[in-house]
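After this come two complexes, each holding chain A, first together with chain B and then together with chain C.
What follows is the complex of A and B.
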């Protein structure tokens, strides 16, 4: 009941300034009023912390349970297939995944198919979390970095990882890294955790899951999530995190609320504002149309 | 000759990949050949990136030299390329500031300049989407009305605040949206698109292998 009262209060808070700004936008045909409203609804929940309980979707529970069911000290390949532009949605997924994997003492192998910043992001995020869990580079985690032409990389790693990545991201030969001694190809990897903001996620399914029967789960941006439902339903993809909400769900399950959980307030307000603007836009459209008809008749 | 040789290379490379799929890579020569082809592809891919950088540098350099329109922006592009590339190329053995490791110049430029700029560009979408939703998302006919209702429900369901509001109307409503809209109508449409695209890709691959499709040669 308290939650509903909170929603009513926030809806009033959204509706009054939104109505004024939308009316001004409609009357003056100046989009800047609308932009002011969007900025307000995104910034306000960040300044004044607004939080609501996040419920869990079946797809994210499936992913969490698949990772949780892995025996301790399993080997997991975690991908950082995203650009810096979508960090707000994807980085919390990687962080939550690493919390889960390091808690379970899994050996983590990171890789990226993104040349612009991919290796930098994976290095920063992985080392940050590894420090928290006292994990040692080369024993508990390894960053393979980036190699050009992802289709060839994904296919080649099925036969030999060291043939595609003779050295890790910092140039150390894989033969000198203890963790890589018994990791030759996908057969030695227990789970592949893809975090992506582009079409690469489908190659992880069509090349790696289909041809090498590897278990693949993923976290993708909200705009990509609808497409992945088809693969989750067919069983080719083991679970799915969709957008910032998916990241917040995983954060909740691993017990480490982070930036995705904080971002839910801003996302809630922004979504509700867009819904209000769509409804009011339509109302104004119909009122205008009715007036036009009346004018024509008279 | 300039056409035939690339077509033969494309045919042989493609056939190696197709045939290798049906044989044990550890027991057949095709497996080794496949691995070699894949290694070559990553090497060639590296060179194409280099070619891209050289090309963008050359084009912008010429524009700056000849003082074309907007040459100032092109100069900024050139300075940016050099600022990112030079410290990254110098081996980190000389100083931790070089290379691409943590605390290097490259790392600093990426984390504090490149990443915020890319995020800013992406965040601008929120403003344009709101503007487009307000101005263009109209219930003009039945199809548009259905789309509008589905979009509104999904937008509400995807955020905690909306989810609670939906659950207040009916406790099973959020789950019903996931099951029937996302896992039902959406999935059926996505499957159709995926299967169609896959058939198109297979047909195009065959055309390239058989040398019918030669647009990649600039023809």
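What follows is the complex of A and C.
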């Protein structure tokens, strides 16, 4: 009974603001009411913690299974090819990936092709997770940091990683890092896990996957996802995480619900509101047009 | 929570709220933060490039390992600055020609080998249900992809007027393009809402906790 009452209360709480704010938007033609509505439907589920079930997509399952199938202690290259502006979508992917990799005792090598924020984010996230799993820098993971000219970097790492990155992100020469002793190029890397918010992900396919036959899987922002599906169905990309939904799926599979899982309630509510807005906006348009015709005829 | 962390969180919250204030209308807070971002990015980028490119891949190998041949790419890079001169701007074309030739060579191979050929191959999948993982469903999906690719390509074929059969197929192409735009738009909405969620989570949890820490 209490559950039913709760659902009814939530439905009223959810529907009334939408109706009022949409009415005000149409009446005043002021889009700021729409901003208020979107803000309400994002803030409300975060504060009240409304959660929706997260179903798994075949692409994210493929990625999870590919990483899971790697032998323990494999070497994985994890990329942080994203700016701070898309952290909400991409950081949960990197965190979930690191949970999975550190659980499997994989050796993790990180790189970034993003100058603004990339090296800082990769250091912060990897060191944070490494502490949780008692991983040692230089033995279990290494942050190579940023190098300019991503085409030269991606191509050059196929011949020699140390030629492109003579030192790691902190300036320690690679020759002094034990983990790097037997990692010379892509041949020594078992899986490349790209997390990106820009077109660089396509170069990981066209340069690294196709020319060096490396196994590449990726997590990208939702804006990028539709384009990348083509590479998944052609078999060039091993699995895909698309946006915050993809991150929530991976968090669910690794058993570490984080900020993406937490954000799915707000995401679903905001989407419902946008769908209602699009439908009611179109209805209003047709009603206005009909009224206009009648006025002309009279 | 240390004082440094609290100051950091308050600074981030101030910047976030200043940027959001633009949704109401343009204001001095928004412009201040926008200018700070542009200035900081430029400064950080210059410092990073100097350290990671000029110092690590040119000056250090030259003076420590005696790799003096690196002076040539260094000179090519320096020539780019001639663009600032009206009389000697043409010199920068030497460097540009090198970059263009190099890039064309790399991309010609990677685009063809990594994108065009595998994608064409994937489009022409076998129509034999035994070769398809999903059986007849796979065959239907393969056919749908072929129809989509062919009709979209015909829509962009402008050497003949779109009439008759050609016009009909081009119209099918438009439908495929529209559905693709819809999918892209849907995903874009999802992406933008995700970014807003990220900021809201920060303001409610991180900023909220710092307020509690200070006043509660």
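Odds and ends about this structure:
In the analysis below, the second predicted complex is superposed on the first by the 283 of 298 C-alpha atoms of A that agree within 3 Å, B and C clash if a C-alpha of one lies under 4 Å from a C-alpha of the other, contacts with A are read in each partner's own complex, and residues count from 1 in each chain.
Note that in this section a contact is a pair of C-beta atoms (placed from the backbone, for glycine too) under 8 Å apart; a residue touches a chain by one contact, two chains touch by 3 or more.
Every value quoted in this text rests on a predicted model; they were computed, and no experiment measured them.
In the superposition on chain A, contact of A:209 is made with chain C only, not with chain B.
Of the two partner chains placed around the shared chain by superposition, neither chain B nor chain C is touched by A:180. When the two complexes are overlaid on their common chain A, residue A:194 makes contact with neither chain B nor chain C. Of the two partner chains, both chain B and chain C are touched by A:274. The partner of chain A that touches more of its residues, comparing chain B with chain C, is B. When the two structures are aligned on the shared chain, A:236 is found in touch with chain C, with no touch to chain B. In the overlay built on the shared chain, the residue A:115 is in contact with chain B and with chain C. When both complexes are overlaid on chain A, the residue A:76 reaches neither chain B nor chain C. Once chain A of one complex is fitted onto chain A of the other, the partner contacts of A:96 are absent, as it touches neither chain B nor chain C. Using the contact criterion defined above for the overlaid structures, shared-chain residue A:148 touches chain B and also reaches chain C.
Annotation: chain A residues 35, 38-39, 42, 85-88, 115-116, 147-148, 151, 155, 202, 211, 222, 226, 230, 233, 242-243, 245, 267, 270-271, 274 touch chain B in one complex and chain C in the other. If you check the complex, the residues on chain A that touch chain B are 3-4, 7, 10, 22, 25, 31, 34-35, 37-39, 42, 52-55, 57-58, 83-88, 115-117, 119-120, 123-124, 127, 147-149, 151-153, 155-156, 159-160, 163-164, 169-170, 202, 211, 222, 226-227, 229-230, 233, 242-243, 245, 248, 264-265, 267-275, 277-278, 280-282, 285. Listing the residues of chain B that touch chain A in their complex gives 17, 21, 25, 31, 34-35, 38-39, 41-42, 44-46, 48-49, 92, 99-102, 106-107, 110-111, 114-115, 118-119, 121-122, 126-127, 129-131, 133-135, 137-139, 148, 151-152, 155-156, 158-165, 168, 174, 178, 182-183, 186-187, 190-191, 193-194.
Those residues of chain A that touch chain C in the complex are listed here as 32, 35, 38-39, 42-43, 46-47, 85-89, 115-116, 145-148, 151, 155, 166-167, 202-203, 205-207, 209-211, 221-223, 225-226, 230, 233-236, 242-245, 259, 262-263, 266-267, 270-271, 274. Every residue of chain C that touches chain A in the complex is listed here, in rising order: 23-24, 41, 44-45, 48-49, 52-53, 56-57, 60-61, 103, 106-107, 109-111, 113-115, 118-119, 121-122, 180, 183-184, 187-191, 193-201, 204.
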